[in-house]
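These are the structures in question, set out in turn.
Shared between the two complexes below is subunit A, which has subunit B as its partner in the first and subunit C in the second.
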Partner chain A sequence: MSEQATLPPAAPLEPDAGKRRFDPQGLIVSLITTIVAFLIAGLVVLATGHNPINTYRAIFNGTGLAWLIPGVGNRSNEAANLQQTLLDTTPLILCGLAVAFAFRCGMFNIGGQGQYFAGSYAAVIIGSSWASIPGPAHIFLCVACAALAGAVWGGIAGFLKATTGAHEVISTIMLNWIALWVGEYFFGLQGPFVSSGGFNPISNDIFGNVHLPVFWGSAVLQGLDIGFFIAIGALFVFWALLNRTTLGFEVRAVGYNPEAARYGGINVKRNYLLALAISGSFAGLAGATDVLGWEFHIATSDILVSNVGFLGIAVALLGRNSPIGVFFAALLFGALTVGTSSRQLDPSVFDPQLAGNLTLIIQGLVVLFVGADLLVLSVWKRIRRAR
Partner chain B sequence: MTAAPLTPSRAARVSELLSARHVAIFGIVIGLLGAWLTLPPILTRTPTLPILLGILAVAAGIWAVAREVRRLGWGAVAAGIFSIVFGLLALQSSTSHLQSVFTWGTLLAATLRYATPLTFGALGGMISERSGVVNIALEGMMLMGCFFGIWGSVTTGSWELGLLIAMAVGGLTAFVYGIFAIQFRADQIVEGTAVNFLAVGITGYLFIQIYGPNGTPDLSSAESIPDVHLHFLGDIPWIGNFLDEVLGQLNLMIWLVMILMVVLYYFVFRTSIGLRLRSVGEHPRAADTVGIDVYRTRYLAVTASGMLAAMGGAYLSIGFVHSFNQDMTEGRGFIALAALIFGKWRPFGAFAAACLFGFSSALADAVPAAYTNSTVTFLQSGALFQTLPYVLTLVAVAGVIGRSVAPAADGKPYVKQ
Partner chain C sequence: MEREAPVLELRGITKRFPGIVANDHIDLDLRRGEVHALLGENGAGKSTLMNVLYGLYKPDEGEILLGGVPIVLKSAKDAIERGIGMVHQHFMLIPVMTVAENIVLANEPTHAGIMLDYRAADQRVRELAAQFKFEIDPEALIEDITVGQQQRVEILKALYRKADILILDEPTAVLTPQEALELFEILRRLKAEGMSIIFITHKLNEVLEIADRISVLRRGKKVDTVPREGATEAGLAQLMVGREVVFRVEKPPTHPGEPLLRVEDLHVFDDRGIEKVRGLSFEVRAGEIVGIAGVDNNGQSELIDALTGLRHAASGRIVMGGKEYDHATPRTMIDEAGLGHIPEDRHLRGLVLDFNLAENLALHDYRHEPDSRLGWLFPRRLLTRAARLLPEFDVRGGGPSTPASALSGGNQQKVVLAREIDRDPRVLIAAQPTRGLDVGAIEFVHRRLIEERDEGRGVLLVSLELEEIFSLADRILVMFEGQIVGEYPPDVSEDTLGLAMTGAAPEVTAA
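Up next, the complex of A and B:
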């Protein structure tokens, strides 16, 4: 049999959870999960001799979320911070969708990171070549090629799963590492696209007319660019693709039960390939929005520490694979990333390096508890019964 | 009805298949030979021979594929291409460089060093998956072992205690994973990923909290796992030098993992407790019916697997690298998992696969040195060679299908009745 999976197929967490208009159980699980994750992480902070309340307050103050409450704080400061948060939310939405789309097809795409790399490499290489192309066309070319590069990188895992049954969890993890080292080669010393050598080699800069226009805040101070709308648009595309097309129907059918889908005449292997390619194109877009929006080049040291693709897993799980859920989960993690960054967090309150790892702990706890929704719900019911 | 005898046409087909098989195997052999000729000690300095042998191997492969011997045929094609590429690449380096890089003894010793953490991980994975629990979290448990191994060692001043602390923490991590995977019947792949994230976060947090920007202190000899010196091997005539290079100075943990491999093979496949373990992984309902406690077995197996993975981690930090840095396992837990699958869920197979991946890591480390004066820039930058273990793992996972069957209940939560 060719379908002897080397690992059991990754069971989707209710592949159709997002289709229902309202999903009260899902909302409850997500909320409880978030609260418990922050509580436990707070205990870690407490146990290592820091004040968790001050820490969380300092992190929150850096996020700019206070801007949403009228009349609070320094408005222009808060606006600038919120722009940063939304800048970080943008790739998280897209990487979250990359994971969510594969989940809806019954697959676990841990390769968002590699697909994000592929997209960002394509964007920076094309954006720094061919100066003669007019700006808008060049931007479109960069974005399209980034999506394509992500699709190819995800599609490799999909192709291997479809033809040989290689489990996507292992193959996507391997593809992440391959993408990382290819980037270290591309933009590292003696690489083909490096601009300056030295201690931390960086890639060529993309041309000025390929920068995505900033629509909120100052372009010089890294305001919010229109990449944010690419992410919002992707949320709608995700919804329409799944719920209003034949392809989406087939993807969901495979996600529910591959055997039944095959019995119903659906080409399961083709759907594995397509679903991972589409997943990859979402993550590839995330790479494009980062490069064209505010990074403008890739530093080899950034490649080593980037984890936006992995955060996408927590975003998708917390958002229960639905577009609205993904949006809010991405906002949460975008805010956390900005609030714990060395630029925003006061080191006298809490070391930003520690805070970065705190984000990882919260992310892990979120995935741990969302995965165990049976547990969360049973505890919830027990509490309600006790009342 | 009697069994139909082999008709002449069928017999002819069988013999044709056999010969196609032989041609394919011949192709693989000459392909590898072509590559080997370019390396020390032969060092052909002309590309003609490896390319000729490579083309011959590709031809043999295609001939075999056309006769339905697919797997071996493609293997021969790959070996032929390998030979051609190797022949061209080797000429980009100088003889002296090649000689310094390809000292086979050193390379094999490095292979064993790299294979050891993978084997620990794979053995852990075997115990867990034979009981029916998929362990994607090997990576995280290994990372916990890395950090707590070095922390325990530095704090107590003895590597033995460091190793024990690493095993305790690895076991605890695995036990927590077990609570979610076994008791709450959560999706094992998702929970495993969660444990991996948590491990990166917890070890990174504690690393910064405890050691700050300077990193872990230099280890004294009491704090690092010692090497075993067997230099008397050098006195053996003929092969003594080579044996000394490979086995003369290996870390204690390398020998330990080889002993563990044999012990675990005996335990899982030759004892009644091992049989119970496997029955829980194959058919938990039946095992339950005859009175085996499925949950208890799985908890024990998962905890043991965490301890084994953590031993691999501790070897990495206090036996091999002698320091800790963030996320230092670099996907080794997943490569260990691939080695387990490649080795068909058996200890010796997993070790062989781990050696293959370890060899590619050793090669990736050694090869760039051969090209420091090369004119081809992509060979100078070592980055691309670093992809080698991952590419190989990808190929192995893709190529293994149809021959490797997981325990039947692997990854399926069990509901007590």
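Up next, the complex of A and C:
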């Protein structure tokens, strides 16, 4: 590929020139990936002796997405379901952004889970201390400290990479485990932050006035809280940070070509540190929205099964590290989780227990195919050529 | 003159890409036992045409005739099976495997169809090498042999697959002059054995040295096919560029002013801890071009890295504008010392290929007003600057929002040049500024460098091309094993300079 076009108008002879910038191929890969994942999962459903079309319809009915189409179904039921879906979407957006931001700086942040833990611990500890602080200020303090805790947790990996060259994949995985066991210690029996009385391995509940206000649905029945807006706001912040600040310019330059960035006078190590800290703050925010929005406390048994930080990786991959993509990928995974939950899915159509695994299968396939985007693209091109 | 049917014929080959016709009705014929050079600027359509011939692209129009019979090539495998071999610019070899293993790869002699027969592979490669008088050790690992030898492995691979038509894509770009001469020897032997060779290049002297016939492409069209007899560099250059080309840019005499850059007793180590710059001293004055000549890997890269802050010197002084810069960062050298730097590798350092041209042009200035204020970036101002600079520096092939990767090498280099010159540097370091460029772009770059000199900047030119040193430098320093071994005026003879570059100069004066 020694030569490309010099002739005006601009004409990339290299087929993927500028691919990451204007990303029509990315959209195609994501769409095909999703469709193929659903098809294969449908075959699995078929293999269990169920009807995949009925199953998918039942899952869809459980997501509440039908609420968006006026005049369909039971409005109040659909609304309640959609509130659940968006509640699940909120931390997925934030954890997706945590992975995506590091990606844009050329790093693979596997540590979303640990950064999420750090944020949720900070939120629950501060939210259950100092009852005298007025509600809004207390909420703000919780959210800010959660973001900060996530930033510190991500920043440790960034610091290690900048100073010793330790690979962020290794260090973030290890930090995940450290965060997990710190939580087990914090909120375990005889732990420093175990609930008053200490009979159960669980944290104190946050004060009632620190709950994020519910703006849609009933606060008692777990309606949608304003944490959703924090996630939407984070999407804009993500975009503006990358495209409208000198910091974002540096992060992108380092992500594309660290040597050229260094030549341009950019401190590459500083950017590694900052990018991972910013990544961590997104995941930390996810911890805050969960704790302040609907969990209100942390049980050690929840810590062991939490995987939202890891789902963030799939979200970022499927969303191709763009804010819009992350939003829709998070919505997809959020809807799947809710739609296949035992509360939503009619057991006569498909066993919810199996359906939960179906979600995992679809998520796994998505990660597999997105990782193999070149494969998907070449198949796509072959199909198009054949026509 | 006997008229044997051509072994290969291209008729009216047309290949379009969105917004561009890369090959526009190109006719080409290849005779048995000839070296047919395909000459053209970067982006003229040479590689596209060869990719069509090698089955990698499907032509939109036209046909390919092999021995007079029309054929359709669906893939490179098709082409190989029909005896067409290609040696790419970037070798497709597996570094941890041996020469013989690489050659037989995908077509291995086997025991019982499953086990690789190493001995047979070795034997076949030895026979082949002997037949064409290649000096190569079949048991050596690819990663242990030189680039020139790796290229021979690629050629042998094609021969092993029984190619009788060989396409070489810019084969000398990666070779030293000595290796290039050896390659030409090999090509002559292959020719004598009846091979037909297509030789893609943009270097005029090579064409005149090795080709029997020369086809010139310009902007996707074939301009002409001429025999070597009677062809001249000037004539070919004119065909290639479409206008008369000045090989040596006119250069008015210079009146150097005060020193802008002073280097004293500089010592620099490379990544492996080897001392590559060993006590270097020189100065660059306002209004002069100082050329550093030398064979590759004599410490030039480490010297440039130290001057630009990309690598810290172990000891010594770097003084610019009366201020000493010790352990300075690249940012300090760019922003405070006023250093411009055209790096030797524009893909590694000079450009962020995924950034658009506006962003690449702002690679140093994004952090200052008017590009940004208090950390807030104004992308539109980046675009405005690009819209002004791109025409000024004759960058063709894209606008401010085109990704740098979409441009040809020459135009990419012009973007780098535009960025470094527009910042009004006190001293401009130009490292291999025309590497891989065609004659038209070289002329442009040289002209701009001389203009910068005439405006009173100091220019430090580091080049491996003696021709470039001769046409630009006002003073020539010869660098050998990390030291300056001599200083010469620009009218020194090539022989003297060449001798000095090997460290054998009579007046070795360790500076």
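Just so it is clear, the second predicted complex is superposed on the first by the 351 of 387 C-alpha atoms of A that agree within 3 Å, B and C clash if a C-alpha of one lies under 4 Å from a C-alpha of the other, contacts with A are read in each partner's own complex, and residues count from 1 in each chain.
In this section, a contact is a pair of C-beta atoms (placed from the backbone, for glycine too) under 8 Å apart; a residue touches a chain by one contact, two chains touch by 3 or more.
Predicted model only: the values in this text are computed from it and were never measured.
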{"item": "Partner chain(s) touched by A:Thr164 [first = subunit B, second = subunit C, both, neither]", "value": "first"}
{"item": "More subunit A residues in contact [subunit B versus subunit C]", "value": "B"}
{"item": "Partner chain(s) touched by A:Asn357 [first = subunit B, second = subunit C, both, neither]", "value": "first"}
{"item": "Touched partner set for A:Tyr185, first subunit B, second subunit C, both or neither", "value": "first"}
{"item": "Partner chain(s) touched by A:Ile226 [first = subunit B, second = subunit C, both, neither]", "value": "neither"}
{"item": "Partner chain in contact with A:Ala66 - subunit B first, subunit C second, else both or neither", "value": "neither"}
{"item": "Touched partner set for A:Gly264, first subunit B, second subunit C, both or neither", "value": "second"}
{"item": "First (subunit B), second (subunit C), both or neither touched by A:Val36", "value": "neither"}
{"item": "First, second, both or neither for A:Leu241, with subunit B first and subunit C second", "value": "neither"}
{"item": "Footprint overlap on subunit A, comparing subunit B with subunit C", "value": "1-2, 4-8, 10-11, 13"}
{"item": "Of subunit A, residues touching subunit B in the complex", "value": "1-2, 4-8, 10-11, 13, 44, 48, 108, 110, 160, 163-167, 169-171, 173-178, 181-182, 184-185, 188-192, 310, 313-314, 317, 351, 353-354, 356-368, 370-375"}
{"item": "List of subunit B residues in touch with subunit A within their complex", "value": "134, 136, 180, 184-191, 193-202, 204-206, 208-209, 330-331, 334, 337-338, 341, 377-378, 380-381, 383-384, 386-387, 390-391, 393-394, 397-402, 404-406, 410-412"}
{"item": "Subunit C-facing residues of subunit A, complex", "value": "1-14, 17-18, 20-21, 243-249, 252-253, 256-257, 259-267"}
{"item": "Footprint of subunit A on subunit C - complex, ascending", "value": "17-20, 22, 41-48, 89, 169-170, 173, 219-220, 308, 310, 329-331, 334-335, 341, 343, 348-356, 359, 362-364, 366-367, 372, 375-377, 379, 396-399, 402-403, 405-411"}
